[in-house]
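In the two complexes that follow, chain A is the common piece, with chain B as its partner first and chain C second.
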Partner chain A sequence: MSEENERASDEHADDEREDGEAVVAAVEAVAERIEAERDHLTDLDSAIGDADHGGNMARGWAKAADAARDLEDPNPETVAKTVGKTLMSEVGGASGPLFGGSLVFAGAELADGVTAETAVAFAETYLEKVEDRGDARIGDGTMVDALTPAVHTFKKSVEVDDLDPLEALAKAVDAAERGVAFTVPIRARKGRASYLGWRSVGHQDPGATSTLFLLEEVLEVAADRLDAEVPETDASSPTIPDDTEAEDAEADEAGSDDATPEGAE
Partner chain B sequence: MTVGLVVVSHSARAAEGIVEIAAEMAGETRIEAVGGDGRGGIGTVPDDIEDALVAAGDVGRSGNGGDSGADDDPSDGVVVLVDLGSAVMNAEVAIELSDVDAVIADAPVLEGAVNAAVAATDPSATLESVREQAEAASEISKV
Partner chain C sequence: MKKLINDPDDVVDEMLDGMTAAHPDRLRRLPDTQVLVREDAPLDGKVGIVTGGGSGHEPTHAGYVGDGMLDGAAAGGVFSSPTADEFEELIAACDGDAGVLCVIKNYEGDVMNFETAIELAEMEGATVESVVVDDDVAVEDSLYTSGRRGVCGTILVHKAAGAKAAAGADLPEVKRVAEKTVDNVATMGMALTSCVTPEKGEPTFDLGDDEIELGIGIHGEPGTERTDVMSADEVTEELTEAVLEDLELEPGREVVTIVNGMGGTPQMELFVVNRRLRELLGERDLSVHDAWVGDYMTSLDMAGVSITVCAVDDELKELFDATTDTPALTVS
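After this line comes the complex of A and B, so read on.
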């Protein structure tokens, strides 16, 4: 190995270790936050569920933080998978496979470390797994209502608006907050709250709420690691879609089956 | 070709009891029971389900001393019977994580397990035929 390569690979190892340590710090922050919110989550869950979300999540995340701290080589992928596995076996109920299982699969997207691109891929895989596993879509009154706007906002902020990852994440957190508020006035269609039918209306979903707490802590830790303030922002996009570009994109998408998009003329 | 079965229940004892009943009809078919939260309580754990999938999918290889037997009578996969809710999700996670070719039968867990056990004894049984028979259990009328 040439000296230069050696230096590059040392730097890579350093980056990976730093990323891994940041992920462990995020997991610890989540564990603390969930413990602090245990009674709040349990109260939300006792209104429309079986009052175990706070206790189950607090136990699971405490064990997950222990497992993450014990890792000898805490690269981001290994941390995510270890935490996911621990949540799967410790949280119980549907939250185990939803929070933990999704993390195990999404963790594979972090094999090359944490960058804006891998973070978007991670977020998209996580959302996809939660949707598939729970067979839930937006508007069902579940954690999907917090996750979908967060993931979409993060992706657009990074890929279209070209914002720096921290600002993109701050926007995603704001989007998740709006999503949590959206679970209040709608009728739950999935999960235990759906058994209540119309009686679920007017209640905030516990899973959407804990999902927001997770995102808030990840944002805090990310800002802390980058020595930055958490940006003041909201979920709206700074860019106005350009009509010509939008038409081009539509035409590209329709291109293969020769369809002319309505109103394209 | 052989098809293995896994019965997943929130209760380890329920899973074992169902396997006990199904095994009466199962001949040589490998049936694994898995359930419980791993701490003596009610629940299911994906890792435990994954172990059961591997054990049930290993039919036909076990007698060959391990490494040489991979293509003698290969397993045609595993049909999984599940009870409720998160057991279904955890079984899905376990299937995705394992290398075993496995499918979940959308069937009542006890009746489906008995039907699947019978179907799996057919020498021409496939993963699909066993799953179909398990799912036909939804039609069983009792009174």
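After this line comes the complex of A and C, so read on.
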């Protein structure tokens, strides 16, 4: 590359590097969190599966963080693909393809860096891959139950409500938390828990739980990189699209309704 | 529990090295993987047939790598699926530019890792098809579970697809005969004792001295029914009944049967079972084209047996009779 070209692409390269470093930081944070939650995840899996989710995920993310740190030129796409490939080869079982394989395919959406738009595309592809690979849909008592509300809320917050990305992400995390809670009272139809039939009712899905931990760490790192506080949000208080004035009024009402309990606290 | 192993963590790796040492002219291990392929893979212009799954089912999977059957097989840890990157290497190593057929047993880990590998291979320009085997009639096939498991009937799928590919058929034709075999095969197993995995070192499930488990899976998964010990004839009747109920064959049909030992069953007992199986089929006016008896798809050291029945027509008979030369199965 000539010197002029080098200089011309400097700005872009800087952005890419910064984005890439942020993604590496997120991966490291996830690895730490999963290690901390290892026994918790194993306990959840013991109740309805084969008790290996905590150990497999902790081992896989630790190796993934190593691989991400070792990258010489970390841009978001490369980091996502490297982490995905490492998870695929280290986690094993069904979690390898679900968490790792999906990341490899979704990583392609980050070729132009991390923006609100590419993040939405990334999230949608990731969800689609998990659904296809696991042949699971929302309500089956799997990680899809945490991912779907998170991805839908994120997309709508960015594309319709025009929220800033950090707030959209915070809302998505809240939505995922509700999704995890939703796996408890329903019967699992996919995954090992499905073999338990009705006995799976009353158990929280381990894959949905680790998915929430992933999202929480991504949010923390995003806030940290932007030097911002994690916004207080509530995914159940939708901003209504301002198509008509009537809906605007509804949105205001919803807003004030929501403020009441907070004020009462 | 005593085991002839060194370290549980090394058992698969050491087994694979032992297999290639026994069959250097037939098998080759891809570097830094647990994948064994034909020594001469890939065969230019022939559809590649590949499979894989957890270890502990020997001679499945790599025992069937060779002329007329598989081009390669990926070995996972004991009773756990190989990872997607290993499947990806397997597919690439067996691709002779005529496409690759993946034979997958219906377990979530196997299916998801294989599917991920297939998608990645396709991104690299490979042509890959797959067939999922789910012959275990013990498991309910419903919307609420992940469906029936793939067990000993898989060997016949390897045989049919392998013979068709060896005869020069193209990928759609090879896939068609593999699916035809899946549609016509059913299996049910039982255990007298639990298997003991190297990792755990003790029985996976407790079975009393006077109890047996019907409908057992090949990883020691629970069966359909735990009962008092029965005679060989009674066990054969139970298993055959379940298999035939699923297949719903018209009198006069021809079948190929497998009486498969689970790893810890004396051949003597397998032949006793085969004798009664033949009588039961005769009573229903089903004639046996070929009867296989031996250890084909095992569950480590489990004592027990599975019965597989596959309805055959002229095409399947020809494929099952075709010559094959592999470490575990030779037809000449």
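By definition in this document, the second predicted complex is superposed on the first by the 229 of 265 C-alpha atoms of A that agree within 3 Å, B and C clash if a C-alpha of one lies under 4 Å from a C-alpha of the other, contacts with A are read in each partner's own complex, and residues count from 1 in each chain.
FYI, a residue touches a chain if its C-beta (ideal position, glycine included) is under 8 Å from a C-beta of that chain, and two chains touch if they have at least 3 such contacts.
Treat the numbers as computed from the prediction; the structure is a model and nothing was measured.
After superposition on chain A, the partners chain B and chain C collide with one another.
Look at A:R189: by the touch rule set out above, it reaches chain C but stays clear of chain B.
Looking at the shared chain after the overlay, A:A121 reaches neither chain B nor chain C.
In the overlay built on the shared chain, the residue A:V230 is in contact with neither chain B nor chain C.
In the superposed model, A:A51 makes contact with neither chain B nor chain C. By the touch criterion defined above, A:L98 reaches both chain B and chain C.
Once chain A of one complex is fitted onto chain A of the other, the partner contacts of A:L71 are absent, as it touches neither chain B nor chain C.
Greater residue coverage of chain A by touch, when chain B is weighed against chain C, goes to C.
Once the two complexes are overlaid on the shared chain, A:G197 sits against chain C while remaining clear of chain B. Once the two complexes are overlaid on chain A, the chain A residues touched by chain B in the first and by chain C in the second are 85, 88-89, 92-94, 96-98, 101, 104-105, 133-134. Across the complex, chain A is touched by residues 76-77, 80-81, 83-86, 108-109, 112-113, 115-116, 119-120, 143-146 of chain C. On the chain B side of its complex with chain A, the touching residues are 37-38, 43, 45-47, 85-86, 89-90, 92-93, 96-97. Residue ranges of chain A in contact with chain C, taken from their complex: 85, 88-94, 96-98, 100-101, 104-105, 133-134, 187, 189-192, 194-195, 197.
Remark: chain A residues 85, 88-89, 92-94, 96-98, 101, 104-105, 133-134 touch chain B in the complex.
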